[in-house]
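Listed after this line are the structures, all set down as structure tokens.
Note that chain A is present in both complexes that follow, paired respectively with chain B and with chain C.
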Partner chain A sequence: MLQRLRKPWSDNRAERLLGAVSFLACLTVACMVVFVAIHAWPTFEHNGLSWLGSGGSLSEQVERMLATSANPPASAFHIRVWPILYGTLLATGLAVLLALPLAVLSSIFIVELAPAPVRRVMIIVVRLLASVPSVIYGLIGILVLVPFVGAHLVTSAERTSLQNTVQLTGAGLVVAVVLLTVMITPIMVALTCDALGAVPAAWREGAAALGVNRLRAIRAVTLRAIRPAIVAATVLATARALGEAIVISMVSGSVFFAPRPSDGAAFLLEPFRSFASTIVDFREGLGAPALSATLYACALLLLFSAFALSVAGYLVKLPMRKYQVKG
Partner chain B sequence: MHRIRRIAASLAAVTLIGSAVPAIASATSVITISGATASYPLVQLLAHKYAKLLHNKVSFRISQGGAQIGINDVAAGRVTIGDVSRDPLSTDPPGLVFYPIAKYAICVVTNKANPLSNLTEAQVQAIFTGKDREWSQIPGATATGTIDLISRTSTAGVLTNFKTLFLGNKSVSKLAAEEPSEGLLEQQVVNDPKAIGFLSNYRADSGTVNPVGYNGVGCSLANASSGQYAAVARFYEVTKGKATGAAAKFISWIDTSKVAKKIVASQWIPD
Partner chain C sequence: MSSTFVSDSLAAIPPRRGRRSSLRTWRWSDRLVLLAAWVAGLSLCAITAAIILYMGYRGVQYLRPGLIFSRPQVSKDQAGSGGFLDPLIGTALLTLIGIAIAAPMAICSALWIVEYGHGGRTRQFLTRIVESSIEIVAGTPDIVIALFGLAIFQLHILAFVSFVGEGGGVYGKSFLAAGAMMSLIALPPLFVATRDGLQAVPAHMREAAFALGKTRIATIRRVLLPSVRANIATGITLGVSRIIADTAIVLVLLGETLRTEPQGGVPGLGVLRGTGSTLTSYVYENSPAGEGAAPQKAYAAAVVLMLFVLVLNLAVEWITRAQARSSGSIAIAGGIV
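The block that comes next holds the complex of A and B.
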């Protein structure tokens, strides 16, 4: 027996073992989705898809959920989460819109234009920045950015005109978007830099031989080649912004409110809640069955949006395959 | 062959350590506690002293997360004792026993730049239900402009008590920011000169915010201990069924011993 075990492993056995490990990953994902879906089911049973709609005050609906005992009546499950959905999309969308040009432009600088020593240092710095734990951004947000915005960006005219609708304390959309942007840009830069580095030198040389200037070559050849990598980076960054809970919980103002573009500049200062931050804020209420089902439903939506993002990324990349460079 | 012997030896060592650890652990009894963030500092002090007095025959594992977490954990049997910062509710799971261990005061707090000294019950209600929205409507306030209401998420025990003691069970205005913990509420009041919120006296006295008097009595430990300050609530240790074993001894020690009373009286009010 021992003799047999001491023999070198055949490829066959190694293959099976590795196969089992990767199958475990699939199993984990499947179990997680099933577990969350089962717990979220009562919400959808009582609300249907109008769960995603709008109507009524969310804080009153949550309070009603908390006030019921172990066997809540059907009416306790009533909730319309549109303000949360809208807040999530708004914060994530704005952060990705800001981060995308920032990331692409700075990666072009780092890889194509910067002198070699600068490039080496920049790549290290970007990787460090990408690995900063999000709670640190949350601390900087609540200790520095929120008081700054509250003291210098919110005008007293804005406060007074909205005082019976919503409070502008400094915590709100703008701080959350800035922090999310700072969090996701380094990830996008790191991935885009890798892709830029993989563009064959011959392609650039070919462009130069045709007499194309540097900027045009970057636009027409390099950027074109790395489009799939940019899409992949955007998908990853969006997923991180979408799931960010702690930072949003700390700096978003913690109110169920849908920021209104009709309020002009004050729109950016208005508070909101995202799906992930709602789960964090109300984790104490998991004992109330109605609220717990609602929080699981939020989690299920986050899981599905991560899945949908991957699929969307794949579909967008399909037509770009012709000149693609593996990033 | 050497490698195999080495592996066998280390395996044997791991097994030995593995079997020794439970043997040591079973010599002392472990009390696990989870629950309210507000009572955490007190329970931590009590547990530390108790373990020391018993020469570490008892050890504690204490985590915080909120009153409702304590209720859920103890009802599900995940911990021996749940810490709760509010009175029992009709929605609590059946079969839980609440042992009061101390009382604490709840203070309305403002930013230090707005050293409001007193509010009447009517004023607190007008402010927190959203009727008065301007600091100019509040005599004694040095802040100007809109009042920023900072409250807690609806799961917080301190919020439940605040509504009973100050608002006559009315709800806090929907405009209020709902912070998930006392620490975040404190930070928002520190950040914002126009803010008003409420904290347990332990945090309100920490010097970062301005505790406001209520109905003419200052919110201080002395006034709450003497019974003059009215807005006082209870901390409970909660067990599933009657407390037994080490947990029962710990709870009765808090209730009867002079040492425990002294710890409670240092920053809270003996019950």
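The block that comes next holds the complex of A and C.
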């Protein structure tokens, strides 16, 4: 046996081995979907899709789940997660809206406008910003931004008017959105920059030869050519923001509350929870079957939305192949 | 009509002029966009500089050698609660396990896809499946991967990975469990780096090897792998920086004991089956979000973490620059997406 292994490998055997290892990745994905779905099933069995609706107090429902033992009654599975869904969409949406212009402008700056030394620095900056651990963003958020917002942006009038519904400590939507924006901008910048770099120089030169200035050329030719790549970058960044757990769990205030636009400016200061941060917050409660099923259902939702978003990102970029612009 | 417009404006342009005077002829809206682009780019620099300077300032303030070399202690006051030696070792251990699983997987998949994935329609289809499933892994949030890990490692046949708790249930949390899931985090960047490197190897190198009578696998071993060494190094560096930065998997799958707690009598295996902490979970637990509420220690550990990230970034920069000198341009998105 050992002799056989020591001899030069035949191509067939090598190929089979490499192929088998490659398929471990497929197996992992399949297992992931199956296991998460199995663990999430009781929630859907008892709630159906009205799981995503609103009704009742979420914190009471979670308390009831935590109080049940190993064999919970069917009533313990009752939960309506609308505030979480709303919080997730709100934070992600606002962060993406903020990050989009910032990312597009700075990628134009990096690829088209910046002098070469500045460009080199900017590439390092983007890579670094993308690799800062989320817990460091969270730490800066909870120790610097949250106290700052609590001391300077929350007025005492807002604090007293909302006294009976929710406490405004500074931890809430605005800090979470700012941090999420900083976290997803480098991703969008990197993808947009690569697409910008792939636009044929002849197109830009053609525009310049027609007498438009550099910025007009960028707007009329380059940006238009990479529009699909910008959309794809936005979609990928959305997926990243949806799945961010640690930062939101640290700076969102961790209260089951749906920020109300009717509160005026205080809306931005109100706490919330997202799906991912809920899982982190209740990781100790995974022993309670009802709560565990709920958290796995959140995970399943995240898994499917990440999957759908990456498919969307792929489909959106298809038209670019037509122009042979890689991106 | 457009042609007259063009020739008119061409005629209006004086033969040579500096960049500054051309800016003066721009419309206000164009100038505003130009300004906005500069502001956006420089604000990214400013944010990065602010983060690094602030962490550096906190590091000078709170980071002491004693913290790095002492183990965490259970204590009422912060003076006696020790440092973060155990989390440091935990981070190193998780990184080792994660890379040890991810690197062979990623390199094998990349080799299979690039070198064997072209013959026939079924094979192309299989290649697509493997590539897209790695993409799905890349897009999956780490908290979902953590819950998935908990689900499989609580199975009874996998009890050897962790240990059996008092109630007879498998605990499912250990260094091995967390490391296995960490390998999923490190897999995509490693795979992409290796695949791109292999695709960039010119075809004539393979053809020359085949012409000399080498088999495919011998070509891979003697020609291709040595020539993509730098790409694999980049991939591993990116994978390591992913692993050390991850918090969610550690919080769910490593059991949240600040000290490394071995399980069972076997010395090495006991640690792997036991629970512990990493720098990221130490920061989380000591921040107001966790139990400890010891901001000084959270800052100190975060500074060490930040230093690691900076060093790894420099390493990637250094490797890719050496590579770019030999083979042309580099892409920014490379490993970070």
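We take it that the second predicted complex is superposed on the first by the 294 of 327 C-alpha atoms of A that agree within 3 Å, B and C clash if a C-alpha of one lies under 4 Å from a C-alpha of the other, contacts with A are read in each partner's own complex, and residues count from 1 in each chain.
Everything that follows uses one rule, which is that a residue touches a chain if its C-beta (ideal position, glycine included) is under 8 Å from a C-beta of that chain, and two chains touch if they have at least 3 such contacts.
If you're wondering where the values come from, they're calculated on a predicted model, not measured in any experiment.
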| item | value |
| --- | --- |
| Combined model on chain A where chain B meets chain C, clash or fit | clash |
| Touched partner set for A:68, first chain B, second chain C, both or neither | first |
| Touched partner set for A:319, first chain B, second chain C, both or neither | neither |
| Touched partner set for A:189, first chain B, second chain C, both or neither | second |
| Which superposed partner A:19 touches (first chain B, second chain C, both, neither) | second |
| Per-residue touch tally on chain A - higher for chain B or for chain C | C |
| First, second, both or neither for A:261, with chain B first and chain C second | neither |
| Touching partner for A:113 - first (chain B), second (chain C), both, neither | second |
| Touched partner set for A:130, first chain B, second chain C, both or neither | second |
| Touching partner for A:211 - first (chain B), second (chain C), both, neither | second |
| Residues of chain A contacting chain B in one complex and chain C in the other | 142-143, 249-250, 280, 283, 286 |
| Interfacial residue positions of chain C with respect to chain A in the complex | 6, 9-10, 13, 22, 25-26, 30, 33-34, 36-41, 43-45, 47-48, 51, 54-55, 104-105, 108-109, 111-113, 116, 126, 129-130, 133-137, 139-145, 147-148, 150-152, 184, 187, 215-218, 220, 241, 244-248, 251-252, 280, 283-284, 287-289, 295, 298-299, 302, 305-306, 309-310, 312-313, 316-317, 329, 331-333, 336-337 |
| Chain A residues within the chain C interface of the complex | 8-11, 14-15, 17-19, 21-26, 28-29, 31-32, 35-36, 38-39, 101-102, 105-106, 108-110, 113-114, 118, 121-136, 138-140, 142-144, 182, 185-187, 189-191, 193-194, 197, 210-211, 213, 215-216, 219, 236, 239, 242-246, 249-250, 276, 279-280, 283, 286, 295-296, 299, 302-303, 306-307, 309-310 |
| Residue numbers on chain B that touch chain A, as the complex places them | 4, 65-69, 71-72, 75, 90-91, 93, 130, 133-134, 144-146, 148-150, 153-156, 171, 174-180, 184, 187-188, 191-192, 194-195 |
| Of all residues in chain A, those that touch chain B in their complex | 2, 6, 57, 59-60, 62-63, 66-70, 142-143, 146-147, 150, 156, 159-160, 163-171, 249-250, 253-255, 271, 280-288 |
